[in-house]
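For clarity, chains are labelled A, B, C and D in written order, and residue numbers in each chain start from 1.
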């Protein structure tokens, strides 16, 4: 039973990672791509961590996995913020649907 | 089917060759430093792939220790190389600015 | 379960290979840097899966280090390579 | 792990490494090359795990993502800043392969370059084939040395075989390696400029907040690495790279991550302490046990831990100073000897 839940969660995770990558490839500007990328980080990895926590055989592993996820979220939020701020300062234009040719 | 360690040892040889090519053909010092690092990575990969074959209870720790030492030396050498490259370029541009203060603006082609 | 973990890691690494397309396309330097961020997160997740598959807590340390230190590269990028445009010698070219 | 999944992972890893190495060597823009090289380091970390070399994976992860990327980006930015137009002209930006291309398109760069490229390519491909012929198939390992390591592991004072080799069985290597790091610092101090060359300071609350949050964590992680190195993958190099990454981040946000009232002299003492302590422990053991750096099982664990702590501090400070040097910023490591007293007052 626990195995099937884990597999389901891992498939969700894989979906989010694939989705994040597709977004990185297809979205029209830096800011949208950044959004897609951070989704893969936070939600995709969240599902992986949940799946592994269910399978963990000791508290030590569960705590270590959850702690890693927390730090990944802090780091990826900082990264996304830094890149977005730098892009705004560089005046990289926002995408507008009407301007698209 | 190839075995794992032969695959990665071959990749190590390929990477060193690519790095050597980059070292000879590259012109900018940063490119040359990257090429040196790629050569190093290829050699490390070869050593670790060889260590992977050892059968006595896990991979060969002697080779791992050598690679570990090599990585730290490589990063220090890289930093020194980058410093030297930066200094050389800085003094070159200062010299040129001294030699022809007018023309250096129009040199771009 | 070990096969499942390895299979998911393979899928993750395949998305990394797909992400290379954005690296080659650009167009801005930030896009290229984002590809290394994608590499970083995917490699961290693969490390988590591998650490459970191979039963090694040391691989969790690798994941934690990669996650925490990814900020250093981004910070160096925004601080040195894309500095704040408050000087007259600002280059308009945003191409990386 | 010889399954289909492992085979697929191997294939993807090999493909990625070749692509990334190729782009870091051939892409005409240096920034792209540097980014490709950073990605190359990340993928190498997975390869080390795949080859059961977790110690190396740790070192690669910490040095690759914490030090190397920042080093290259800072050096590249410095060269873009101080370089005049000539350096950004095509001949200096492009790699050799691109130069050959341009040549055949009719742009005159000089005939010699083309021939140099062609001959070099041919020679290297030939040499590579010879090398591959000599090396493959890989000979069967005899395993004598690693068997020796595992047999004597219980007398080494530690239970992680890699640490045992690094700090006990082949401690010479590590001593000299710390010496090499010290030598690079000497080289740096000979060439680095002593005048101020500082860009605008990067102030950012989010980044400073992240730094303040993670610095204690990094220090804790570093201490854990030193301690766990006795039993499991980890050790002085990994710990030093972590601390250095923290120092580099601190330098980037303009915090000055070192104890108050430390000046160049203190830094120079701290940097050379690693080599000095290691060397004096070696001499002490020589006097005690008759051979340079010969440990006895009873006290080996304590000595090794002591060496690791000092080496961690020394190597991490060295890495931060090396980063200062390559980003073109003046380092307090050198002291203010070149500045006249008046300039010193003005600061």
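In this section, a residue touches a chain if its C-beta (ideal position, glycine included) is under 8 Å from a C-beta of that chain, and two chains touch if they have at least 3 such contacts.
Bear in mind the structure is a predicted one, so any value in this text is a computation, not a measurement.
Here A-C and B-D were compared by C-beta pairs in contact; the pair with more is B-D. Between the Cα centres of chain B and chain D there is a gap of 11 Å. If you average the CA atoms of chain A and of chain B, the two centres end up 32 Å from each other. With each centre defined as the average position of its C-alpha atoms, the distance from chain A to chain D rounds to 29 Å. Among all residues of chain A, those that touch two or more other chains are 71, 75, 78, 82, 85.
Touching two or more other chains at once are residues 16, 33, 35, 57, 64, 68, 70-71, 75, 77-78, 84 of chain C. Pairwise chain contacts present here: A-C, A-D, B-D, C-D [touch as defined].
Chain D meets chain A in the complex at residues 204, 206-207, 210, 213-214, 217. The part of chain C that touches chain A in the complex is made up of residues 1, 4-5, 8, 11-12, 15-16, 18-19, 21-22, 28, 30-31, 33-35, 37-38, 41-42, 44-45, 48-49, 52, 57, 60, 63-64, 67-68, 70-71, 74-75, 77-78, 82, 84-85, 94.
On chain B, the positions that touch chain D within their shared complex are 1, 4-11, 13-22, 24-28, 30-31, 34-35, 37-38, 41, 44-46, 48-62, 64-69, 71-73, 75-80, 82-87, 89-90, 93, 96-97, 104-105, 107-109. The part of chain D that touches chain C in the complex is made up of residues 1, 3, 5-6, 8-9, 12-13, 15-16, 19-20, 23, 29, 31-32, 35-36, 38-39, 42-43, 45-46, 49, 54-55, 57-58, 61-62, 65-67, 69-70, 73-74, 76-78, 80, 199-200, 202, 207, 210, 214, 217-218, 221, 225, 232-234, 238, 242, 245, 248-249, 252-253, 327. Per the touch definition, chain C reaches chain D in the complex via residues 3, 6-7, 9-10, 13-14, 16-17, 20, 23-24, 29, 32-33, 35-36, 39-40, 43, 46-47, 50, 54, 56-59, 61-62, 64-66, 68-73, 75-81, 83-84, 86-87, 96.
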